[in-house]
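For reference, the structures are reproduced in the following blocks.
What follows is a pair of complexes built around subunit A, which joins subunit B in one and subunit C in the other.
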Partner chain A sequence: MIKYVSQRLLYTVMLLLLVSLSVYFIFDLLPVDPARLVCSKQCTPALVEANRHRLGLDVPVLQQWWNFIYGLFAGRNYAEGAAALHCPAPAFGYSFSRHECVTTILAKAFPVTLSLAVLAFILWMTLGVSLGVLAARKKGSIFDKASTVFVLIGTSLPTFLTGVLVVIFIILKFNLVDPLEIGNWSNPFTDPLGWLSTFIWPAATLAFAYAATYTRFTRSNVIETMTEDFIRTARAKGLSEKIILRKHTLRAALAPLATMAGLDFAGLLGGAIITEKVFGLDGLGGISINAVTSSYDLPIIVGTTIVASAFVVVANLIVDITYAFIDPRVRHA
Partner chain B sequence: MSTFLEVKNLHVTFPTEDGAVLASNNVSYSVALGETLAIVGESGSGKSVANLAVMGLHNPHRTQISGEAILHLPEGPIDVLSAAPETVRRLRGKAMSMIFQDPMSALHPFYTIGNQIAEAWALYNEGSKEDGIKRAVEMLDLVGIPDAAKRVHEYPHQFSGGMRQRVMIAMALVNNPSLLIADEPTTALDVTVQSQILRLLADLQKEFNMAVILITHDLGVVAEVADRVSVMYSGRIVESAAIDEIFYNSTHPYTRGLLNSIPRVDNHGKGTRLRAIPGQPPSLISVPKGCAFAARCEFISHVPGGLCIASNPDLLEKAPDHYSRCHLTGAQVIDIAAKNLAHQDNGAK
Partner chain C sequence: MNKLIIRRIVATATAAAFAAGVAIGGGATPSTAATETPVTGGTLQYFTHSEQFPALDPANMYTGRDIAFFGAYIHRTLVQYRPVAGAAGSSLVPDLATNTGVPSNKAKTWTYTLRKGITWEDGSAITCADIKYGWSRAFATDVFTEGPAYALAWLDIPEGAYAGPYKKTGQDLFDKAIVCSGDTITFKLKRSVPDFNYFLTYPTTGPIKASADTGDKYDLKPLSSGPYKIQKYSINDELVMVRNDKWNKSSDPIRTPYPDKITVTFGLNEDVRDQIVLDDSKPNAISLDALQPANNIKFFSDPANADRRMNNYDPYTSYLAANVSKGHLDCLLVRKAIFFAFDTQALINLSGGVVYYGEPGDSPVKPVLGMDYAPTTGNIHDPNYKIDGNPEYAKTLLAQAKKSCPTAYNRATNKSQGVIYYRADTAGNKKAAVLVEAALAKAGIVVNTVYKPAGTYNANLTAYKKQTDILSGGWGADWANASTVIPELWGEGCCNYTQNKTTNEYKGFIRNVNKALVELDREKQAKMWHSLAQFGMDQYWYIRTVFGKSQQTWGSKIGGIYYWEPQGSFGFGQIYVKK
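And then the complex of A and B:
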């Protein structure tokens, strides 16, 4: 077990380095010049070069990447002379358009994204798993058919549509949330109700799509597991249907769900771009889409990209280790 | 010997889109405590279906069952086919147990074998989790798993196929059932392991004075352990007799065909070919009016006037306690088979 974990840990570190390196290569290959894009209207070649130097783009791409990694651990200085700025470790870069260290920006955006992800996760797991189990138990019934319709709608409606529908009807028409309060950040520990009213609708929008997928997945897994030989064995022992479902069927049927849930949750931690934009939330998704569309703020884009991929990579590690606890066959492999 | 299970006129039907599949057609058999009944037949002959019905393991929504299956319990007889599902559930594992063909998939992969055996024990016994594990160790010892105290905490995937089948047997017997139904218990195992498992079953049967129903398609297995044999074909029992009668005086062409298709070491080196039975069993959806075996029967030319196609023979007592479903008399079948064998030997020379 210790060997397994340390091995996975080593892979994860290497993977993170590779991911960040490829992010730098991708941005190097893009046919846009960030130094020119952030240049003002009266742009001269000298200004562009100055911008390039300020952004740290005047060195080879490998050197840029190394500076980034170095800055993550040791902090980093941006610009020079009187304008010199210092971002302490972990330094993800400096946004000249917002005059802030990227780390500070990320730290402000992250609680918003985390709130959205956690609330959506709770909603879709509860809804998806319970609907899926019920549909599987009552396979072929009206309820099962209704759940199939729900799955169909949930998987085919994109969040930019459901999100806008929610905003138009629930928030604006029925005034369930004060339109002026949309996207306002409230601390969940000091103002739980305010937090809930900010996040419940965007989380429900996200959860709707995910719950549909999870309902389908749970339903088919439970149905498949119910036909397994070991379920027949459990019945032959004389166990009651309740225990067979809870202890034997669900344990085996829901184990693969842990993998899926872990990765989906991690994906959301990188920011739900569309949902955040629709509901005006300044999470990681919101700031990265703004950085791309309005100011081409490369340090923010690089920062959010790397943070988002790091979440997925780390979630992979956690899922793998968790799965070893769930499934003994993995543990002894 | 006192009869423990009595199955009478058991019909099991699965409604499908193509029609009703009559998987078990008017099947009757019985088994006594301390006795081993082998039910023999090829795939789809209904041998598992009938016994799953006795255990109450068919999906009630997709199966129609009629007939009787009476368990003669000390507290009085009970018909498990008409009893409430909850009543039958409380007989499973206690009065009757079952082990299955594939020990690789019959155990839950996520729980230790100790946990799974203790779970079965706890259903009918008062005691702590530790008591259950202690009992599991005893059972594992009994079925010949070395180092049981340590292995009780291991998972199914850490055991070989033969060892897993031993675990299954330990689990099935943990509550001292009076009836053990073994559904092809050795089919998925190596030949050397097969006979170990059969010997183990025979020993345990003696020790616990159990009634055992052994479902198999392997007459070699039957020869090793059975007291009586019922041969099934196309959902019906076609021959039923004591073991020696079946092997030496079979009065049914299908049983004869099965015996001819297994290799023997006692034919004094005569180079007789193994003879497969030609053709396929009929579909269980449209059961033929006549004898189900007629289309494949080598003896059909000896029955006059297309009787085999026109009417299905009844299961009649052809010799004392020897039942057979054939229009020919027992003596005729034995006689014709002997002539065929002589003819075949001449051909070989």
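And then the complex of A and C:
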């Protein structure tokens, strides 16, 4: 078992290194010159070169990547003389557009993304699973048909449209939130109501799409499980439908959903880019899209990509290890 | 009334409006602005889709709106533009200094005396050494590269010899170029710069307290010398400014701060931002952005919003530069033919129309430059000019070109070659290219559009200018003097894409440019710019110019709004919140 876990950990580290290297190469291939983008109107070739040096882009792309890896373990220095800056390890780089070490930026952004992900997760699991179970139990009824309509709408409406509709026709129309305070961060421990007021609508927007998917999966899983022999046996034993549902059907039907939910949640921890952008949230998704569209801020792009990848890869690792514990065949495969 | 007469009337009216510096279609300043008594107190709110200001650090600040904004609230400079509407706004008044500068040695030396009682937000006095230190930061190109580079070009220091205050290489040279003596500061320049004092309206020329300088991080919390100070600045969240209790009115003849608190909300979704303006749901707030095109037209079409909007010439002129070097568009008649064949109306309509996008221009110098603008003759004022193109006249010009410059004629009309037009590869440009190609084809001119990667287009203009026949660009003056336009676009400056240096006309032209640059008589200098603009337009170095426009909107409880021409933005310092 130790060998299996060690092996998986090694693969995980290698995968993350590969992801970071890919980002550097992709960025290098883009037809964009970040050194020119942040140069003044009176830009001269000398100023562009000074900028390239400042941004650390005056060395080959492999060297840039190596400097990044080195910084993760030893920290990095930027600028020289009295203007020198230091980002301590683990240093993901320095953002010259935000004037901060990327690690600090990520640390500030993560609670925003985590808040959104947790609240959305609670909402979609509650709504999706409940609707799915009820639709399965009342198969063919009006309720079942209504849930099918919900699934169709939820899966077909893109999040950016749902988000804008929520903002304009719910938040602004009914004055639920001060429009200039949409997206304001509040600490959930010191100001739980403020926190809820900020995150409930983006979480609901996100949950709407996920809940639709989970309703469909739950419904089909429950219906399939209800046709299994062990359910028929339970009925033959004279157990009530409630007990059969709770103790037998749901346990079997929802197990696959748990894996899916774990991976979806991990994916969201990397940042819900569109939802964060629509609601002005400065989470990992928000800062990454701004880094791509506004400032071509490579250190932030690399930092958010690595963190997002890490969440997905680690979630996969946890699932794999859990399966290895449950099913010995996996660790010997 | 035939079309020709109508066109002449429009051209005359437009020229008159340009000369007067007035806005067309929306009004420069709302009618109520002059009649109301300003109110002190309250919270003034701004909002924007952007996640941050490009810069709070004076060393990196370059855009007019930001200079106007921070100049009104936290960054004082030795001199400032007069905070009034209209052409008078482009005149200078003393700010931290007691005068607008005393030139000597043919304007190679400029001297200023600091005002008494000027302080930082920490209560310490603003000194001559602080001004000098502020200037030194422009030389730290390893830290600051986004601000104007005039300090590097003008101060009497050999190029590259001084590396700024952080490395201190060449510090002795800098100390000789800027000399402090008590409250008097003297700038020594490489050449005569009669409009040097205009540059001193830029925050990069203002003071910085050395002990408070945190290099790159200074951008997050600059020390204030103005009537407000920064309480909070959080990117993609908000900027909060409160009154600076160390600032006193007796030391500041320009600013009268009305609101108690000023906030800027960043990162607002564009639909939310527009909805706030359309519904007037935040009456004490101002949008720092233009609305999205459809919402803009909707808002400006409603007369009920007349007191919450203005529409003015922005600081920018967009242009098409002709490559006039040998083997390209080296024939004046061919350039003229292209000019007259353009369907400018269709191109402007594609970008939002004459009311909101801009109008055909007659010079690279814009009417907002005040005395340096004068309507040229010829080009859009030529009787043969039609805004939607005059292919018939273009054909007559081409017929003449066929005889006088057959090589250029063949190039322009040959289907296998044509006029090469480099453009950034964007969806908008592709739509415009169809219109350009169709309009010029009517006159028999073949256009070969070559798309270049949008991300590197601007970075490669210097290389492209030698390869292409036509290149598009845009330019805004740095201050109210054509010295920051004509030399930059047609002379030795950064952005001359015409290749005119290879022509016979250039030698005389640049001699006159250099004379104008050092002319100390401002009236005379303005006339020299008029004549130089006319010369370039007569040469059709630019085969199309458009004077761009911009629109601003605000809430119903906002007062004191006017359009500040020198910065192309609100005059922020006089804005207040009505009770």
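One rule holds in what follows: the second predicted complex is superposed on the first by the 301 of 333 C-alpha atoms of A that agree within 3 Å, B and C clash if a C-alpha of one lies under 4 Å from a C-alpha of the other, contacts with A are read in each partner's own complex, and residues count from 1 in each chain.
Just so it is clear, contacts are C-beta pairs under 8 Å (C-beta built on N, C-alpha and C of every residue); 3 or more make two chains touch, one makes a residue touch a chain.
Being a predicted model, the structure only gives us computed values, none of them experimental.
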Superposed model, subunit A: greater residue contact from subunit B or subunit C: C
Which of subunit B and subunit C A:138 touches, first, second, both or neither: neither
Which superposed partner A:96 touches (first subunit B, second subunit C, both, neither): second
Contacts of A:86 with subunit B and subunit C, given as first, second, both or neither: neither
Which of subunit B and subunit C A:228 touches, first, second, both or neither: first
Touched partner set for A:237, first subunit B, second subunit C, both or neither: first
Touching partner for A:41 - first (subunit B), second (subunit C), both, neither: second
First (subunit B), second (subunit C), both or neither touched by A:248: first
Residue ranges of subunit B in contact with subunit A within the complex: 55, 57, 89-94, 97-98, 100, 102, 105-110, 112, 119-120, 123-124, 155, 157-158, 168, 171-172
Subunit A residues touching subunit C - in the complex, by the definition given at the top: 30-33, 36, 38-44, 46-48, 50-51, 53-54, 78-85, 96-100, 164, 167-168, 172, 179-185, 277-280, 282, 286-287, 290, 294
In the complex with subunit B, residue positions of subunit A that touch it: 228-230, 232-240, 248, 251-252, 255, 326-329, 332
Residue ranges of subunit C in contact with subunit A within the complex: 45, 47, 50-52, 62, 140-143, 145-150, 160, 165-168, 215-217, 219-220, 235-238, 263, 265-269, 271-272, 275-276, 279, 281-282, 285, 453-456, 458-459, 478, 494
